[in-house]
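Shared chain: chain A. Partners: chain B in the first complex, chain C in the second.
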Partner chain A sequence: MDGPILPVETTMPSTATAMKIVCDRTALADAVSLVSGVVAARSPSPVLQCLRITAGDGQLRFSATDLEIGVAQTIDEVDVQQEGEVLVPADKLSQIVKASDDPTLTLEAEGDRLRIRGLGSNWSLHGFPVSEAPEVEDFDESITADYEVPAVILRKQIQRTLFAAANEQSRYAINGVLFERSGQTLRCVATDGRRLALSSCSCEKTTDQDGNTIVPSKALQLLGKLLDARAQGEVRVSIRDGRAHFGIGHGSRNATITSTLVEGSFPPWSDVVPKDNDIHVTMDTSSLAGAVRRAALLTSQESRGVKLTFSAGNLVITSRAPDTGEAEIRVDCNYDGDELSIGFNPGYLTDALKIIDSPEIILSLKGPQKPGVLKADGEFIYVVMPVSLD
Partner chain B sequence: MSIRPLPRVLVDQIAAGEVVERPAGAVKELVENAVDAGATQIEVHIADGGRSLVSVRDNGLGIAPDELGLAVSPHATSKIATVHDLDAILTMGFRGEALASIGAVSRLTVRSQCKSAQEGGEIRVEGGRMGDVRPWSGAQGTIVEAEDLFHNIPARAAFLKSPRAEAMRVGETLMAMALAHPTVGLRFVVDGKQRFDYPANEDTTQRVAAVTGIPVDALLRLQAEEAAGQLVGCLARPEFARHGTRGVHLILNGRPILDRSLTHAIREGLRGLIEPTTLPPAVLWISVPPDRVDVNVHPTKSEVRLRDGSALFSMIRMAVRRALDEANLVPKMPLPQQLDEVKTAWPARAPSNISPSSAAGLETGLSSSPTSEKAPGFDFGPVTRSVRAVERILVLRDSFLVLEEADALVVIDQHALHERMMFERLKDRVGQGELPRQALLVPEPIQIGAEAVELLPQWQPLLTRLGIEVVELGPGSAAVQSFPVLLLERKVSPGPFVEDLLSRAVSKHLPPEPEAALDEVLDMMACKAAIKAGDCLSDAELEDLLAQREAIERSTNCPHGRPTTIRIPVEDLERRFHRR
Partner chain C sequence: MYALADCNNFYASCERVFEPKLEGRPVVVLSNNDGCVVARSQEAKDAGIGMGEPAFKCRDRFDRYQVVVRSSNYTLYDDMSRRVVRSILEFVPDVEIYSIDEVFLDLRPLNHLDVESLCRTIRNRVKQWTGIPISIGIASTKTLAKLANRIAKKDPTAQGVFQLPETDPDRALALDSVDVGDVWGVGSRWGAKLRGLGIRSALDLARMPTDDLRKRFNVVAQRTALELRGLVCQELEDVAPPRKTLVRSRSFGDMVTDFEQMSEAIANHAVRAAEKLRHEGGTAGQVSVFLSTNRFRDDLPQYHGGGTAAFLPATASTPIILREAMRLTRFAWRQGFHYKKAGVMLGDLSFGEIQGGLFDTRDHPRDDRLMAALDEVNRKMGAGTLRPAATGVTPKGWRMKREHCSPKYTTCWRELPRVQT
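Then we have the complex of A and B:
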């Protein structure tokens, strides 16, 4: 990155921090909201709840970190009148920028304060000395990335797996998404122990080293949001020094997310994906999704489960909540075997069905107590364990 | 060494040892005899902890002079003539050994005036040797005096505790007897000083209150009648619960008994309102047909064998539940305790999230004292209904919900209340069939030890009901294959939960009976699944929780027995602010 990022240790004279910029408010709001995403809601250190703004070289850089994940983003919808830096509370800045209805805002740093001016509004926000902010890295362009994936593809990979990742304290290794790269193939895998989502794509190999990395969910949430906003070009991925580095864009419109990795070994996913499911039903994605959602209306927390009963040409989804009532939803399908019933947590089915963008899915089954598999467009595999219902 | 028959005296001493281990044992036997003799007034005097004197005087039928000799002989009794009569024992001292036993280990004098006889008689027994019957005259009834207890058994005497401790034991025994026979007057004097005097023909609740020291209005009445037996009783409110079972008195056909199963029935009825190791004082008078109980199991007759144990168990449990349901169970805090709690639990300065305006609102609410504004005779209804009167909720440290009710300030522990709610819902759901269980993608290995692995087959039926499937992997290790959907939704991890559950089973922290263990395991589930103190609840969640509070029967305590709700009545606040 070629911005004038000064080393943290440098003690700058007060005039050096006296930044002054005029910025497009929408671009400012987007950047602030995105980078604020990393800030911990509850942190013992107020500095970790701050956003660092650096103006220089015709661009504005925003950065923040929770010490595990660092996010930095630059925007160029800005007129830098005086270069400088400021460190201010992220939530207040975000609220101010959102509440304003001015097309542009003027930001001026005065010592540790940030003055924000619109047409009739004037805020002066107390901040902290910039020297207290932990350093947030930018993607190191001098090092060759391990591989590159088009931003749209990586975004899809994240969408298709992150939802299935665990959020548990006891099984740390699955609190993230496995990035497994072998040659030109990148597989992303996530599981919470009850279902497993696997999405494959091809990637541009830039080094020969294959590798398995578990990236924490929070980093991928941020990366997903960043890619929603900037789904262009390639994302460069580099794993080094025990951290994952994602570099998006170049020059004055770049962004970087770096993250620690999840320690531990990810469960061997290939053992989990059943190979002997011999009942295959092709179904319309949206009608199955709708039917499951309708049946799920009458389940309760104590009885979360819908029963799928297949008979010739027919699928009936039933549910029962002891105190509320029962539901029965009928869907057409091309099933032609003996009657077969299997229970699932409806939430697990809808989670997957809503991220599948192909019109048809294939549901593969073996028996009522065996895992079911949803497949879509040859790249997405979703294994879901059944629920036993009375 | 040759084998010889034991001398007679020694046989009596050995027999005595079974019944009369200490003064309290002698007192119990003598008082039971007095009750059997139809006494309505009994006086017990002891001196030197009962060692130098145990004296029991009654106004019962008395013993005719010509029967006195027989009365102090072993296995002599007026109560059983044939073996068949053993089946229909309703009196206490049927074993006919009390007087003989006491006579064998003390200097015993029995004086009695029989109603039918002209003249009374007196007999002395010393070291098991009987003296002659001499004439004696006194009021109708019997006086038994045992002096120098254990003077001829130094080994036994050496085991006696201090006079004070022995006197306490006698006192406890007599209190139990006073509860067993609430209509009999009982007076107890130690070294010339009266310890208590319970009048005859007292109301049973009055008697329980006098003996236990619990106010009459804190005693709930128990009543039930079924084929297996009848029950009347008094149960102190749950807030009087104390550790152990000493406060529980079971009286079966007029006889104080110990019975773990029936005691457990009380605890089951109280489930959720007390901590599992505690019980509030309770007195239960149970009558069953004499042929349905075998009392001749143990010399002190404190343990019996019941033929309809399980029917009595459920009768007691249901009677306790009924009484609790009928009572308003929200514990009212006594004033001094409240002061202490406020001092320790609230910070010295006002919590920052009480804004001045809400504090002001609080004050107006108090000064306009809703109680004084009540129309005379208007009933605000039971407390559990008045949630609708809630106007504002203060959330303290994301843990406590403070609400205003018509006549009180109510503080709710959000975790405890939610836990209670989960427990009721789980229990309800389990009653309708197995909990839905989610199969796990990869069985979760657990290290539980060989003992727990051995227990698995025994526990599997219960675990299956709860939606848990565990398979044995090898010595000391197993794997969780399925786990209840509900717990997974509440983010409870299978491995640690099942490990915890099985280690409790191994360490006998869970009752062996499946029905009782079910509730304990549901407790565990509810606790793990419930929202925690410190969880910030959304408005919707708060509303849901409080709405459920109304619906939950007995929602005043969480399953661990911690209270869910504390009410501070407005009168208490007024008293604290010296408005009363």
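Then we have the complex of A and C:
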């Protein structure tokens, strides 16, 4: 794997290095990029802005933590010539690996420094003592999974709920996604108080203990990215010691995400899922999504809502930006009741419509002041509060 | 054509309307807590009293020139301002209320008339109906109208109304008579920079390459230069853009050191802010509270605190806003400091649209009825007749100092002027 290396002047001592590996650059870039996701742009401690690289047993392990969330990933596209460890700034390492166009890179650690060599490039990166790095746990044999979910399913669960989680402070613990496991059913629920996304799936039970946990949004963003890259096999989930542990893959290609849990009570979500909405309209998902997007072009900061007016066989979506103009978009639908108008924040509709992969959706309504419900493929429910447009 | 009607020495003129004996005497109006001079009659300006001067530094001159000193009476000034605008609307339907004492007039639909004569009629009628003297500048853009207004005020031969000539050399002569720093939108910092570039007058600025202005300054400077050339870049804003925040804050008359007084002060701000928001037909998605010590008192420990809470759905209900404001006050309060100022800011405002909340259990129609009843009682029986107990019962030291305040002649039954025969 080692490519030709041009002689480059360097200040590094010629003594034996503590770590030496030659690695496929693309695999290196992917791993560095993913694990760096946990590193905060600003941190009081420079060590928390670093990535720990450990070479051993024919594999390379990358880990990082912000003390709330820890990520570790191993890759095997590597030739470990000398085992060792190094702790270096994540952003610089990421930039270097991305900027290089060599097929392989050689990484040599000497003390707290990391030397990265390509065909005609040579970087020497100042790091920190590895002993200062907080430990990041692996999902190894010592951890018993509470349940397992196929990676592709868990990825879908995250996609379908995370977007609805709150970003701002609230009296409820809604800055994350509720994982509600009951027997062999896993429900993921997220809400920001204005809309609520619920996605259900089956899971393989490995312990009998049901439970609810709220996983922070940042941990799930990282898990989602990891599953985008490795959507194969099962994800093992364990909740213990106030932390959630997600284990993906086995052996030399495994990854672990651990996270503290969001403390506090998730709001009583099942109370706000309407059970008596008696108007059901089936629509083509992409037609509705396109129509809402087009109507939203003429909304403004002061006039954010779009109005959906249903009449026989027809839906008209209108919007108005006082300084700019008005929009009126028609969509076919199977509605056959009396005329009904309801306002929604168009962003809340498009957020849900873009993650629904079934061709048709059902919109259930009760009245202009009552929450609307979008349903797809029997597993996804999205409740959205209307906007009063008076 | 546009015109700018500007009230002369507005606050001082308002004071004179109901006290004609002040005519010909120097009059100054002081800021909140009677701190600084914020308005001066011409006689006070002639006596060398500067704008923004601290009152305590002017005491000798106040005595020497027998200056009449008034605390600011914004209730009176607001009402007089509305009366001036209503008088102008009798003649010109499209106006933009630019500030409490300035109104832009859109004269374009009236171009078939002699606009200068029309403006003289407006000036006389405003004086007759309200007692407030105004000056009017007329020109083809708002920036030029502002400049023309300046000339109307400064040049005695204009007799309060000046129409900027539309052709050179008269137009160039007028622009050349105005310092670049006095052009609307330029200000002292840009003025100094422009003078450094050899741009000394409004005429120089109008002749400067506008691309160059954009590069050296920004699009606002470019727009100002184009308007000085007569190209309309700013239309009349006849409907004021909806506000984004509503702030109620005041410096305290005496520094506050105990929590009860601070809590009362913030409760008052919260109640008034909620009342004003309802009056404007809006709702707030956020409330912030802030409190601070006096940054000019180096001898005292300094502290600035505050916090923000969100509402879902947005609200204008006094009890809800007050409850959160009180919670934030407890959160921000630190014992052992001398506080000088506190306030409440309502943010994330919306007008006409309300996003519903999933976990909201409030009875909104009941809330709305309660607030409507509260507002109606206070409208009929006077502000503060019905108010939450948290706002306090007896006057406290945190209230603003207004030792020279004139009565609210036009808005309070008890303070109406009395005529004796």
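Just so it is clear, the second predicted complex is superposed on the first by the 368 of 390 C-alpha atoms of A that agree within 3 Å, B and C clash if a C-alpha of one lies under 4 Å from a C-alpha of the other, contacts with A are read in each partner's own complex, and residues count from 1 in each chain.
Rule of thumb we're sticking to: contacts are C-beta pairs under 8 Å (C-beta built on N, C-alpha and C of every residue); 3 or more make two chains touch, one makes a residue touch a chain.
All values derive from a computational prediction rather than experimental measurement.
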{"item": "Touching partner for A:Tyr172 - first (chain B), second (chain C), both, neither", "value": "second"}
{"item": "Partner chain(s) touched by A:Asn345 [first = chain B, second = chain C, both, neither]", "value": "both"}
{"item": "Which superposed partner A:Leu389 touches (first chain B, second chain C, both, neither)", "value": "both"}
{"item": "Chain B versus chain C as contact partner of A:Thr191, first or second or both or neither", "value": "both"}
{"item": "Which of chain B and chain C A:Ser303 touches, first, second, both or neither", "value": "both"}
{"item": "Contact residues of chain A, present in both the chain B and the chain C interface", "value": "168-170, 191, 193-196, 267, 272, 302-305, 343, 345, 369, 371, 383, 385-390"}
{"item": "Interface residues, chain C side, partner chain A - complex", "value": "242, 310, 312, 350-359"}
{"item": "Complex interface listing, chain A residues touching chain C", "value": "168-170, 172, 191, 193-196, 267-268, 272, 302-305, 343, 345, 369, 371, 383, 385-390"}
{"item": "Residues of chain B touching chain A in the complex", "value": "425-426, 428-429, 432-442, 444, 467, 482, 485-486, 488-491, 493-496"}
{"item": "Complex contact set, residues of chain A against chain B", "value": "167-171, 191, 193-196, 267, 271-272, 301-305, 322, 343, 345, 369, 371, 383, 385-390"}
